[in-house]
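Pasting in a structure now, in structure tokens, and then I'll have a few things to ask.
Order of writing sets the labels: A, B, C and D. Residues in every chain begin at 1.
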Amino acid sequence: MAVPVKPDSDRQCLQYHSKTVMGGCDSGNVEPLLHQIRHALQHLLSSGETTTIDLRGLPMAAGERERLLSFLGRGEVSVRLEALGRSDIVETGFSGVWLITHYDGDGEIMGRFIEITRIPGILETGTADLEDALASLQNKLEQH
Amino acid sequence: MNSGELLFWVRGTGLSIAVVIFTFGMLVRLLEIFMLGRRRNLAELRSNGIGAGLRTLIMRSIPPDRNSMRRSMVTVVAGYGFHIGLLVVIFLLAPHIQLFESLFGFGWPAISTPLVDLFAVVALISLIVLLWHRLTHPVVRYLSTPEDYLVWAASFLPLLSGYLAYHHLWLPYEWLLVTHILSVEFMLILFPFTKLAHAFTLFIARWYTGVIAGERGVET
Amino acid sequence: MSKATLERGVAILKEQINGPVAAYFSSCVHCGICAEACLFYTETGDPAYTPINKLEPMRRLWEQEYTLFGRLKKAIGLSQPVTDSELGEWSERVYDTCSLCGRCSMVCPVGNDISYMIRRIREGLAAAGHAPEGLVAASTRSVEIGSPMGLRLPALQAQARHIKESTGLDIPFDQEGAEYLVLLSSMEVINFPEYLQAIARIFKQAGKRWTLSSEAFEATNSGIQIGVSDIARELATRVVVAAEKLKVKTVISPECGHAYTAIRWEGPNLMGRRFPFKVQHILEVLDELRAAGLFKTEGMEDTRLTFHDPCQLVRKGGVIDQPRNLLNMVASDFVEMDDHGTMNWCCGAGGGVSAIEEAAGIKMKAFDRKKAQLEGLNVDTLVTACANCRIQLEEGLEENEMEIPVVGLTELLADHLVEDDSHD
Amino acid sequence: MKNDKPLGQLLKEQGVSRRGFLKYCATLASLMALPPSMVPAIAEALENARRPSVIWLSFQECTGCTESLTRSHAPTLEGLLFDHISLDYHHTLQAASGQAAEAAREAAMAENKDKYLLVVDGSIPLDNPGYSTIAGISNLDMLEEVAEHAAAIIAVGTCAAYGGLPHASPNPTGAVSVTDIIKDKPIVNVPGCPPIPVVISGVLAHFLTFGRLPDLDHLGRPLAFYGNNIHDRCYRRPFYDRGLFAHSFDDEGAKKGWCLYNLGCKGPVTYNACATIKWNEGTSFPIEAGHGCLGCSEPDFWDLGGFYNALPESPVDISRLAAYGIVGGAAAGVASGLLNRQKKAQATATHETVNLSDLKREEKS
């Protein structure tokens, strides 16, 4: 995953602050976010309801997002979607915590979400697509 | 007038009016006191009174003894809370220091804003206690004039609006900032004409009292 | 013949307002702390007796006459002029319920010397004819007879003869070149003749030459209490003239509070000149003699005793350590009251209050403060150094059925004096 | 130009899959600062939405706003959006010119009467209509004409929203904002110099999705983007709270990335989304680049006391005024003091000695 890292600002921040679990210059948003993820996991287990967190709405200092991602780490599932540009759907080191990154055709990030779910909704095949698929398969078989 | 224009006005024209009235008025008041003067004491003095004057200048900031303090506990504790809180907020909050720096050409280090915030809360609570005391204590209620309540409000408003502005409560920040600066200007304008002037004249009062007593060999 | 009028009172108040007064009025924040230091408030709970409130007419006059903004306020009718009836109403607050004890001046957080101003507002009230009758009468006797209690010289001479007869001690009159001119308060002469005898004995032991003046033996000064500087000056002048005539080195103020203030601190300022002699309180003189080893005592009082500081000596006079030094010579069980020294509570009768008949009731009410102080202390004897305090203390104790004898410190010392006849 | 097919169908025809559409809706929701839980509702609304006609008028402006929008063009989200609106008139972007262009505008107006969106950038001069004209038509006339049958108006950029740079003192052209002229249409202001591109598209997307303008603040700005001030969302805010400030652009504080408040940052009084959305595809924003916020999304930001004066600083020379006050006060104080002394001296001079007899009052009969 090509995440642009800004080592310079990152280093500067780390040098002067060591306040949070992540260690580093921050907006103070990372730790609460991690706790929010923990609560969402609990909620998923107990009620089955999923949670989506939009990372765009959270102010983060340079380097902070990178530290968040490295904290979450990478798990065993990694899916690449090609629809209106690339999308990466990756299960983090914590099962059920997914990181979804949407890119546009130029490879610029359009949106980044953390989803706490058994399987991200966007991966499920929609009913309309199933119907189309059925029709299309039938059509192909009939042509044979 | 939108908030930006109003903010510009209070920071410029408004502040100008307030500062001119404040400096003009305070200087008139101080000169009026100094020019009335005090006749030379012809009695054989026990001391020239200067040491005693300086001592009283400082020592009057604390009650003379435990019993006196106990008798006026509410006023003493809330009085300290208010004055210390107010002084910390005025002189140790970063944006205020910035203002002083732009006025005097020099500044000093600020303390952490959340800490200043705590002092602001202390000052606000103290003021509320003092108002309650003024409304309920027979002596203070008896002494109180409309001016006392006006001055209370003039002291409370800058603190409250500053506190709300910092926490982004109630109104948009810039409106609170406008309210805050306006209320400070209101206070500056009231300053020379009300008991707010005590912030300056109390030093003259303490000095005179200390000197008068010191000449007689009494420590006050 | 001129008469008291509002106009004269206001004119005199204008004279009385000076820099300190202006600074004090500018600084008051109406906090009410001064009330808690005033026994006329603490014992009655009447907020009108709050010390700073006793100055309201003078405050308004200051604002209207001596501040730019006050003049504007007055011009547009925001500030009402001082009226005659207002001054009349304030008379009780300024005279009956203020003993000029100065305790409020000690606690004011902005440092206002409130009693300094009460002394001054009395000038205006007196000139406007609102001084209490009792004080007017005392002043009249002082000026016309020479003593506020109407005591004349023959009575004093009779007492001197009596001392000579009972002790063989000479009471010197009009001795030119004596070191000390001793002043008396008529209260002492009438109620506590032991005082005169005591100093005669002590001076004899100390080998000091002293004298009384037949022209000016009275130390008290009603002019100070009523607040008429012109009368105070006249009374002080008598003492100064006598002292200069007798060429004494030191004038001794007796066991009295305001007499000391009158001659020691106000005298030179009233007369507009320095004195060629020193003025000392008797306790100051005795403490000097003690320090120089000029008189000795024997035996100790073994009863538990405490000392009541006369306000004018501690807060207005700076005589604080001397009585304690002297008491330690003769007392083995000396205890201090909870509030003592510069923070002592007034007996309730100073500043002319004892001369005001209308104040008789409130004066006794004010004594409750002293009573409370004494109750916690369990003492057998109460010592003081002011005849006026002493009378109030005795009356108060009797009224409250407390059997504590009150003695003057000078007499107590004389009781333990080592008398060595070789001085004869 | 007219196209009545719903958006969902149009996208499908272009080969946009269901997943692609969902992704599009998710990013739209994010763009409009709507909670991710709203995505299904957005998807449904968009599927059935029809592309609107847009007429874009540029008055006294610098093209910066259009630049801002096109910098981030196809095939980004903005591109996608503009593919699906019908931009019928934009004299900078359109190929047509002269009479053909004006004809296109009039045609679009006629075809989509009361349904088209009007986007305006630039302020309108009122002093002399000749200051700015298009095809001989004054800006004021053109705005009034096009606005009359617009469904809604989007004032893009601080010039259109609040008068902008042309309105700056002394405002030589008498420039005013759209809201100063048009009073009877829903108007949304998207201020900024220039505005963040995704904010422009976000507002368009909102209109597309919900068929109405988003919720606005007291200055007519969409709350979704202008609801927070820069200061509150700034990553340097912790330094402010700790009292750590840069005092010049090259001091230790500046190097350490401390708060720029003292260097004139207007973040605390500026409402915009720069600190969260950032610029250049989310790369950075002025404060992150080491320069304080100028407050460009606020009315009259250039006239408010200087970009490099810290907020509490007064735009006037208070020290000098204080000196005047002191000098005047000294003069008046001495005068009053002398008057007082004279009054007191007079009272003393006329003092009649108070005798015993004076203590008695003349009894009034």
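A few remarks follow.
The definition used in the following text is that a contact is a pair of C-beta atoms (placed from the backbone, for glycine too) under 8 Å apart; a residue touches a chain by one contact, two chains touch by 3 or more.
Just so we're clear, the structure is a prediction, and the values are computed from it rather than from any experiment.
Number of steps on the shortest path from chain A to chain C, with steps defined by chain touch: 2.
Interface comparison, A-D versus C-D: the higher count of C-beta contacts falls to A-D.
Taking the mean of each chain's C-alpha atoms, the chain closest to the overall C-alpha centroid is B.
For this pair, chain A with chain D, the centres built from the Cα atoms lie 33 Å apart. Centre-to-centre separation between chain C and chain D, using Cα means, comes to 76 Å.
Each chain gets one centre point, the mean of its Cα atoms, and the points for chain B and chain D are 39 Å apart. Chain B and chain C, compared by their mean Cα positions, are separated by 37 Å. Within chain D, the positions touching two or more other chains are listed as 332-333, 336, 340, 344.
Listed for chain A are no residues, as none touches two or more other chains. Shared interface positions of chain B, defined as residues touching 2 or more other chains, are 25, 28-29, 32, 34-36. Those residues of chain C whose C-beta lies close enough to touch chain D in the complex are 1-5, 8, 11-12, 14-15, 17, 65-68, 126-127, 129, 131, 136, 139-140, 143-144, 226, 228-231.
By the touch criterion stated above, chain B contacts chain D in their complex at residues 2-5, 7-8, 11-13, 15-16, 19-32, 34-36, 94-96, 98-99, 102-104, 109-114, 168, 172-174, 177.
For chain D in complex with chain C, the touching residues are 332-333, 336, 340, 343-344, 347-348, 350-362.
The touching residues of chain B, when paired with chain C in their complex, are 25, 28-29, 32-39, 41-44, 46, 56-57, 60-61, 63-65, 67-68, 71-72, 75-76, 79, 137-145, 148, 192-193, 195, 197-198, 201-202, 204-210, 212-213, 216-220.
Here chain D touches chain B in the complex through residues 217-219, 229, 231-232, 240-243, 245, 261-262, 268-269, 271, 295, 298-301, 303-305, 309-316, 318-319, 321-322, 324-326, 328-330, 332-334, 336-338, 340-341, 344, going by the rule given at the top.
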